[in-house]
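The following pair of complexes shares a single chain, chain A, combined with chain B in the former and chain C in the latter.
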Partner chain A sequence: MLVSWDVLAVAVVVLVVACVLALTAVVLIKAARHAGERRRAVHDEAIRTRIMMLAVAEDEALAKLESELASTTGALGEHVENTLLRMIPEVRGDVRGAMIRVLAARGLLSRSLDRIHSRGAIQRAAAAELLGILGGREVIGPLTAALQDKSLEVRLVAARALGVAARPEAGGHLVDALSLTSGIPHSVAATALLNLPEQDPAVYIEGLRDRDAGIRYGSAAVVGLLLMSEAADALFDCMVAERGREGASDVVIAACARSLGRLGHKPAISELADISCSSAASSSVRQAAGEALKAMPGAEARDVRRRVIEHADADVRRILVDA
Partner chain B sequence: MPHRILVVDDDADIRDLVSTKLESSGYEVETAGDGVAGLELAINNEYSLVISDVMMPGMSGVDMVRMMRSAEPPISVPVILLTAKNQERDIESGFAAGVTDYVVKPFSPRELAARVAGILAR
Partner chain C sequence: MENVLEPLRAAIRLLFEVTAYPVLAYFIVINSFLLLLIIFASVNFTAHLRRQSFAGARVTAASPLSPGISVLMPAYNEGAVIATSVRSVLDLRYPDHEVVVVNDGSSDETLQTLIDVYDLVEDRREVSVKVPVRGTVRAIYRARDTALPIVVVDKENSGRSDSLNMGLNVASKDLVVMVDADSLLDPDSLLVVSKPFTDDPERVIATGGVVRVANGCEVVAGRVVRVNMPKNYFARIQIVEYLRSFLLGRAGWSQLNSLILISGAFGMFRRDLVTQAGGLDPDCIGEDFELVMRLHRMMRRSKRKYRVIFIAEPVCWTEVPSTAAVLARQRRRWHRGLWEVLIKYRGMTFNPRYGTVGMIALPYYWIFELIAPAIELFGLVIVPLGLLLGVVNVPYALAFIAVAYLYAIFVSLMALLVEEASFHRYNRWGDLWVALLVSVQENIGYRQLTAIWRIQGWWAALRGKKQVWGTMTRTGFENASP
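So, the complex of A and B:
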């Protein structure tokens, strides 16, 4: 096949132009990056020491420093905000408190509370993330409302942010977010729940009785991870009820079994033995029951394990033989 | 003579925050941005204490401690590791490598300074 010289020349020219454009783009990106670094260095020079002094100053000196950082304007003010937002997730205690007070005094809290109602999902998600970092009672309402946002990205960021804000009153809302219809991955809502302090067992007991299998599953898993013994009876009831339910969920039964094992809830021993030998249960459910039996303390559990080993399948036997 | 402390962290914000806090408590502080630089400083200088992050590019804090302990002669300076929350494996391997204590992130600079004072008072 012959290619005319004209076509070849055009191809070469196009190639050269593309190379020149790519090189120019690389040079421009590098120049912009260098300019950004220089700008950051200039701002750091001007204010970094004062930001770091938040870890040291006390009483009146701290109040003065906070007010100075709060009233810094323009690009330097933005630099203060960016530096503090980078640092806050890494620190706790009085330094974190001082950093949050500076950001709130700069209006970041009120700006974020406004922006969480923006039209753009990206702005709403960014505002939710900031509200989580800033924390405090006033962010919980807007963040729990954002769990119902039409954008999944916003709902997901709001769930994470509630975990970061770590207020106990978010518990019920995050349990609801475990619902199969919320679209929020279970791991995200459950991780956020694990971050909350002073949790109310009633929230999980209600979750274990919910009609939504996702909420029952998530509640069962979190109760075990939090070692919430107050919810152990409800957990057991949930497992028994799930077995008798039409369209029973294997993951709910398995999560209940694992958590009962973690809690060492002895009244569940005989039911767990029954599940681990049941041909009606799936292999994963039988194994979860076997793992739970293995974790159970006491002589009764030891005797039951011996009996189960004689009747269970090979996978369950393997789990229990090591006990 | 004030105690000399080496702070190793690839995060400049944390490095500066910890340095500021420790300097305000009267310690002399030197810093390194990664495990390799930290190891080099620890080999060539004498410190009363090293504070190191775990996750760093190039060489982790745990590997840095392991190399310090196996150096000839071994560097037996106490080391506090800064670990991320729920990283039991880091803590376990840190103690196996010869770490003295650990502080979980997010950390309180005040608490860190108290731990430092406690170790240096031993």
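So, the complex of A and C:
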């Protein structure tokens, strides 16, 4: 049975209308975007000089400039905020401080503090990001609370934001965020920890003894990257204990090994040699131990490396031959 | 004569009566499916764009804890571009990445160029064989300056897949990216494509970056700095085709967690899993597709939770064929690869054990990707024959064809709409008019040609004809600067 003329005619008409509508939508979106670009160019022209002046103005002139930018209203005011937010990650020191003051004076801080309690996860995450950029003591409470948010995305952004805000009081909360139960990727929470000033080694020594493998892993990684020699013994103990643990975590052993290598902790040499040749250890753990051995200074390490080369697998040998 | 034609007319008439509805339904369902994928893709894009303000790329870029990436780059007679390609990869914004170039027995100056430009010295250390390789290694080189993270493996010619397997053995980082030597990467491409691994390290096993058409673009030092519409007819049509099928189609599949194809020009994988899966299959034409299917099968069989993600943000640009001959070779190869992979994994099709991959994605590829050119070709033969024999009413035939092709044009327009609302890389009004024009143009001639080429590829596979890769004749970029 052939398709009837009526069906074909209706289908053609419907499709032509749909095509025309789609075409119109494409044209309208493009026109709107081009208009937006032109408007942004005009706004850029209007505020560019004043924003650049933030970098060089001093005292009263700076205060006046900040006040001018803070009191700009309407679409231009919104453009000031967007421009400053785009620029802030690129600048440091006094200029960054001036930009943050302008944003805070425009009410961005209070708006973000409100928005972090929004119903939508995306709004909460965006607010957490802004709070991290704005920094200061008052953002730490809401951001640490956001580490317990029901949305993983918000928790993840809050952890990163705490690193950007870089306040020492966030340390303990971020170590807790390393826990496997938090769902926050270890690399995110640990990276945030690396940015914090005035770190207390005791927090990490405790972390290395924690029951949670995520906390042990993060603490081990951070201790090595921050070259926290006060925690070297605890790090070594953690690695030894992990090897003997039922359900030992490869990533914890590898992180401990790498950090011991970074710290050049000589008492760990023989244990690292044992791991690098152990058939019980996974390939990644053996390689981490090999890298640690490679980084170890001194004659003892050199001798051990020579011995290990004879017994280790090809991957470890590749690493050690370099040393 | 009339006595001979009459039974033929009757047969054609019967054929029309039997197939009219199914063929029309097929066209409507295939385009509706594409439309559905575009809708899923727009959900994916909206989510992606709404998260842009807190993507955290800057923090990842500076973190020593970001997972390391080995960029695997097989090279065969790429002497003209290899130094620039490697430089552009070394310069990518990422805290921990290395480049592993595998010179696949090039007969040109590829290896010597690398040795000279990067001051390479022979590295005599052994390599452990985690994935079996066929090509014999002649030598491995490293930069004299150990701070330069480059390894070059010189081996006998054994093909792209085998070269990538060699690269896997030499790679030392947790993630591997497979790129072609002529791919042009955006500076943040590694950051963008590795982000899902950072955010969900337990479950994400592979990510695919979107590959866009580089023809006509302005290229400076291996980077696309200005996106233009190419002047070449074939290249222009492929822009719309890539947008519709690759960008939006794959983003849609990703949203359904059923992405089974990651482009060989830019795909990122967890090295341990690729190694565990045995690397790439050197005997398969669609080796990238085959690898992703093998990973799906491995993960589903072991009941592990996992995700394969497509990143819609433009990260990789590649030169597409601009002549009919090269395009024909490419399409024959693609279709042959599709057939080989679908046959190899036929046990997964309509198998609930493999979830949406088995129940939706694979059946789609069988019905709407593999068979589509056969249906198209059937129409190509039968409609003119019907017209010639006076069996078909001309206005009726035109209306029939109009329905099928208008729907295809509508789908292309929707793809342009989503692109315009999201990434809008073609900024000028002129680009839009050209894109609109080719959305219509591709239905006249191009579609039919590609259908014929795809059928040829399929036929060659059925006959077991040996596949020859052929040479991708590169015309270079219209506005390239060193």
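The rule is simple: the second predicted complex is superposed on the first by the 310 of 323 C-alpha atoms of A that agree within 3 Å, B and C clash if a C-alpha of one lies under 4 Å from a C-alpha of the other, contacts with A are read in each partner's own complex, and residues count from 1 in each chain.
The rule we apply is simple: contacts are C-beta pairs under 8 Å (C-beta built on N, C-alpha and C of every residue); 3 or more make two chains touch, one makes a residue touch a chain.
All of these numbers come straight from a predicted model, not from anything done at the bench.
**Q** For A:227, using the defined touch cut-off, is the partner it touches chain B, chain C, both, or neither? Pick first, second, both or neither.
**A** Neither partner.
**Q** Compare chain B and chain C by how many residues of chain A each one touches, and report the one with more.
**A** If we count touched residues of chain A for both partners, the winner is C.
**Q** In the overlaid three-chain picture, which partner chain does A:163 touch, first (chain B) or second (chain C), both, or neither?
**A** After superposing on A, A:163 lies in contact with chain C but is clear of chain B.
**Q** Quick one: is A:75 in contact with chain B, with chain C, with both, or with neither? Answer first, second, both or neither.
**A** In the superposition, A:75 contacts neither chain B nor chain C.
**Q** Once the shared chain is lined up, is A:55 touching chain B (first), chain C (second), both, or neither of them?
**A** first
**Q** Touching A:89 in the superposition: chain B (first), chain C (second), both, neither?
**A** Touch partners of A:89: chain B and chain C.
**Q** Just chain B (first), just chain C (second), both, or neither: which does A:202 touch?
**A** Neither chain B nor chain C is touched by A:202.
**Q** Between chain B and chain C, whom does A:5 touch in the aligned arrangement: first, second, both, or neither?
**A** So A:5 only meets chain C here.
**Q** Looking at chain A, which of its residues have contacts with both chain B and chain C?
**A** Looking at chain A, the two contact sets intersect at 89.
**Q** Per the contact definition, I'd like the list of chain C residues that touch chain A in the complex.
**A** Residues of chain C touching chain A: 16-17, 20-21, 24, 50-51, 53-54, 56, 58-60, 63-67, 125-128, 146, 198-201, 272, 396, 399-400, 402-403, 406-407, 409-410, 413-414, 416-417, 420-421, 424, 429, 432, 436.
**Q** Along chain B, where are the residues that touch chain A in the complex?
**A** Result: residues 11, 13-14, 16-17, 19-21, 24, 105-111 of chain B touch chain A.
**Q** Inside the complex, what are the residues of chain A that reach chain B?
**A** So the residues of chain A in touch with chain B come to 48-49, 52-53, 55-56, 83, 86-87, 89-96.
**Q** Would you mind writing out the residues of chain A in touch with chain C in their complex?
**A** 1-3, 5, 8-9, 11-12, 15-16, 18-19, 22-23, 25-27, 29-30, 33, 89, 122, 125-126, 128-129, 153, 156-157, 160, 163-164, 185-188, 190-192, 194, 221, 225, 284, 313-315, 317-318, 321-322
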